[in-house]
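Presented sequentially are two complexes of chain A, the first with chain B as partner and the second with chain C.
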Partner chain A sequence: MATVTPEASLNALPRADGSARYSYAGYTVTASVNGPIEAQRRDEHAYEAHVDVIVRPSAGVGGTRERHLEFILQSSLSQIILVKNFPRSVIQIVLQVESTPENAYVNTKLVQASLNLPIIPALFQTAVLALLSAAVPMKATATSTVVAVVSDDGSKKIVADPSPQDIREATSLHVLAFTSHDELLLSESEGDFTVKEWDGVYENAQKICCQTASKQDGIDMVLDDDASSPDMRHFLRSTLETKVASDLHWK
Partner chain B sequence: MAATVPAPSLSFSRPTFAKLSPHPYLLTNLTDPENPCRTNGRAPHEARPVHIHTSSLAHANGSALVRTGDTTVVCGVRAEILPVTNIPQYRPREPSYGEEDNDDSADVDELKDYDLLVPNIELATGCAPQFLPGVPPTTLAQTLSTRIYSLLHSCKVVDPKGLRVWYTPPKETREEGAMEVDEAQEEEEEEEERKPELKAYWVLYIDLLFVSFDGNPFDAAWTAVMAALRDTKLPQARWDPDREAVVCSRSEEAKMALDVRGLPVACTATVFLEKEHGEDSGSSAERKSRHWILLDPDRLEESLCKETVTVVVDCSGEETKVKSIEKHGGTVIGRELMRGFIGVAEGRWQEVKEASK
Partner chain C sequence: MPREAEPSANEKAFLLKALQDEQIRLDGREFDQYRPLELTFGDEYGVANVSLGKTKILAKASAEVTVPFADRPLDGIFTIATELSPMAAPHFEVNRPTETEVLLSRLLEKTVRRSGALDTESLCLVAGQKCWSVRVDVHVLSHDGNLTDAACFAVVAALRHFRKPDTSMENGVLTVYTPAEREPVPLGWLHSPFCVTWSFFGEEGETALLDADWMEEQVRVASVTISLNRHGEICQIAKLGGVPVEAVALLQCTSVALTKVKEFSTYLDDKLAEDAKRRDKGGFMAELRAENDRIVG
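Showing the complex of A and B:
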């Protein structure tokens, strides 16, 4: 499978404070960020800003699954946003899923109640990009990835950014997010795995999410077996650099 | 007697202090030099004991009442017949009477595609002050039901074989002349005719009701689901070709216990940080203030902590199997702490196993 590189465009929506469109591994998500704006009475918090995350699925209306995704994203994003700087206000993040990977082999149902782990990195990445585009003060950026453990003739193989077919065959599926301080921000796993396997997954995911830091020594990690998987932190940086360069072009 | 009213003191009583400034209250308790413990008197790594009572609901096929401290949850499993003719997009199965059927991935699809497990969670009005009457299901209730649903499927606790209702068409009555047919041919024909057909499925409606809510809803709910499923007995069901319907037998002895695989146990903890406010402005080193990992948090602790970790483990086999890890809302728990916490979850598994006997 040819790994396509992630693509993103910033400020795609003219009326929002910030917005981003991100597509990778079959997922396309558009996010808009408005904030800090005045909070309604019920959302108002005396000491910090309320982070409001809304996830809209590509088809149909959001159900319990979307509520759960919103809850996961909200608790992670409010950790990296400087919420204490904006008491009594709201930072609203709306995430619209535009497309999800299609697979002829996997039966797709419109309404599914089960947890949708592989979509979390796409949503998370888009939200971070949109927050950066809206210039919301943050204490760190974060990167996220999904990793599957696939049983391959008795031996376990770790696959980064698995396809729907891989996910179907996987014994376990893991989503991890790291902040730019290399701290584990989010970890969601399901399936059947051992502590040892989780360690392997952790190392793999850390490599994908935090690679730029280790590349600073000037050593290019060519020997990596998953060298094809993208370097998320570098991607985040280069996207913003391109944006800043084009914005300041008139100077 | 009115004269003996003491002069109003300037210090607050414990409950007042807890209500006015909960964070310093819990912090003071945890940093008490003589007896550091949580406000509920437990040590940080001490969970509340679990009490499980099964078969308390008469009209459910299986039920359980689980109590951990002041969190009480009732779970009832109700089985209903779903004829395959009522399933849209039904794909007929190859008849394989179970034994040689080892295709696990196909089984999972069956449960998921036809929605044979339907969990629902209700947080009753009045179980805790934050649940108001007449409002739509809260985010907490929706999140919990998604988590229970996912875990039921990802752990493969219910064996779909036990939910199928098969029907084998009887041998056709033959005329006298047919008896003369060659033995081998007859055998072959018999095989052909007696091919079992799948006529219906059992659907399990798993309903959870929180009677009282004092933190850590997921662990209690999951323990209740597991206990209720292990308690579930399905009546003997057969397809009646004349009525074109599934008929269940009334006899108690003919009831079959549901096949439940393994005993996954959920274990939740929250991370309590020393600093309540102002942790944002500080360098990376400074932000590493003290923290406590509070196992099985109560409502007060949950309201003060942002980072939550839930690990589901199953130690039934020789090696501990982790079924799920959910961690969000903070950056304290890294790799080492997570490894340690899986060890703590193993301890919790033993406790719950003892309680479910």
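Showing the complex of A and C:
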């Protein structure tokens, strides 16, 4: 039962500085952020904060795959967090995967060492939401999406938010993230593709991630051309607006 | 990682004075009252989300086919993994088990595994060659005291909700069916044990509280965890250190624990029935079911 539109709730965990729960396209991730907190000797950096990302799978112990995801997220999140403001401290982001899309036609194996690109947008989005809820200073917010190139009778087709079935048939898979200044923040690809295909993927992903930037006057206008891909930036904004409105309810 | 801030002397004194002189708990609960317990199941089988006040736990059961241990060729493998992440509280570290974590996993082990709640012999597929390995991962999302009771409830709920893929054996060939081919089957479940933790306060442990929250846990002088099922069969009693408690008081604690366990048990049964109704495809699928009804006690 995959959710059609992304859903998120903020500050679900009372003990963390900030937290978020995000579910979209069959993935559900909970994130908590603590920071800036005291750093241990090995993580301490004299000029900037260390961003500590921990990814925990829903079943089994984390392995190389989780370390790889942590590395990708850590390097891109350190770009947007103002790490220079907090020397000698740690910003700790824990991402707990709760559920992943099911495939009724395959029995899942517990230990899979393979690359797992499709989960990155969910992890990334949850981390950004949790960082915002923890009020960690950032240069910009960011949105992320996954795009697959599926060959359809000789012609190549670009599918945003592919299903597990699409992913299996895809010739290449791309994860892109953009900051709120429309800058490319993260690009990870897997499979065979040409430069031209990648350009198409880039355009498509940018449309999903950066739509509202040009249409700030009317929220209703966003849903005009293709309803298939949700507008991530608008989603991020509306989630936080709801949160702020409920926080300032007492005024 | 940063050390957890201990409650100040004032906070401790306030809590103790309220308890002993006024017979009032800080959150206004009765001494033998649990915080509101809530259980929700995920979309998948075997995912239980439990919240006990501000303590939140996610348990997920999963199964895969492996080779059984050489010394136990007729038994399947059943493990409970409890790893506290910094999500629960920032002072927990990854890959460095704290005392809380070790105690929690040992208590769950004793309560659920060693009491034979799961029939491990039914997990055997081919003697000495193939068996199911059932694993429950306990994820503590938020730690506000009484992890043991909440985690135990979550583990039992997840396992009773869980369905493993159906299998068949033909001419020595083992087939594991996908959920699309055959409805997954529930585990062989024998009884449902639950933990009930009492905390003792005062110099001789004269005040006993049920379901202490994190603040109360830091101030208590002793605690005892009693695991039992709804029939009053005690699986274990763990009293790890602390001040000595009188035997009569312990007996009283056990009898109250039994009533609480009956409440848990009924609550879980209701929730499972509710979830089954929600998932029930009815009609033809019900007719095609291969498994026998099992009486769960």
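FYI, the second predicted complex is superposed on the first by the 234 of 251 C-alpha atoms of A that agree within 3 Å, B and C clash if a C-alpha of one lies under 4 Å from a C-alpha of the other, contacts with A are read in each partner's own complex, and residues count from 1 in each chain.
Criterion: a residue touches a chain if its C-beta (ideal position, glycine included) is under 8 Å from a C-beta of that chain, and two chains touch if they have at least 3 such contacts.
Because the structure is a prediction, the values reported are computed rather than measured.
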**Asked** Which term applies to chain B and chain C once both are placed on chain A by superposition, clash or fit?
**Response** fit
**Message:** Quick one: is A:S99 in contact with chain B, with chain C, with both, or with neither? Answer first, second, both or neither.
**Reply:** second
**Request:** Identify the partner contact of A:P14: answer first if only chain B is touched, second if only chain C is, both if each is, neither if none is.
**Result:** second
**Prompt:** Thinking of the overlay built on chain A, is A:R56 touched by chain B (first), by chain C (second), by both, or by neither?
**Reply:** second
**Message:** Between chain B and chain C, whom does A:R168 touch in the aligned arrangement: first, second, both, or neither?
**Reply:** first
**Asked** So, does A:Q79 touch the first partner chain B, the second partner chain C, both, or neither?
**Response** first
**Touched partner set for A:E38, first chain B, second chain C, both or neither** = second
**Request:** Would you mind checking which one, chain B or chain C, touches more residues on chain A?
**Result:** B
**Prompt:** What is the value, to the nearest 10 degrees, of the angle subtended at the Cα centroid of chain A by the Cα centroids of chain B and chain C?
**Reply:** 100
**Complete:** Superposed, chain B and chain C have a smallest C-alpha gap in Å of 7
**Message:** Need the overlap of the two footprints on chain A, from chain B and from chain C, as residue ranges.
**Reply:** 107, 109
**Item:** Contact footprint of chain A on chain C as seen in their complex
**Value:** 1-2, 42-44, 47, 54, 56, 58, 60, 62, 64, 81, 83, 85-90, 94, 135, 137, 139, 141-144, 165, 176, 178-180
**Prompt:** What residues of chain A sit close enough to touch chain C in their complex?
**Reply:** 1, 12-16, 28, 30, 32, 34, 37-38, 40, 54, 56, 58-61, 92, 94, 96, 98-99, 102, 104-107, 109-110
**Fill in**
In the complex, the residues of chain B that touch chain A are 105, 109, 112-113, 139, 142-143, 145-147, 149-151, 153-155, 277-280, 284, 306, 308, 319-331, 333-335, 338-339, 342
**Complete:** Listed in rising order, the residues of chain A that touch chain B in the complex are 47, 63-65, 67-68, 70-72, 75-76, 78-79, 82-85, 107, 109, 113-115, 139, 168-169, 174, 179, 181, 183-195, 198-199, 202
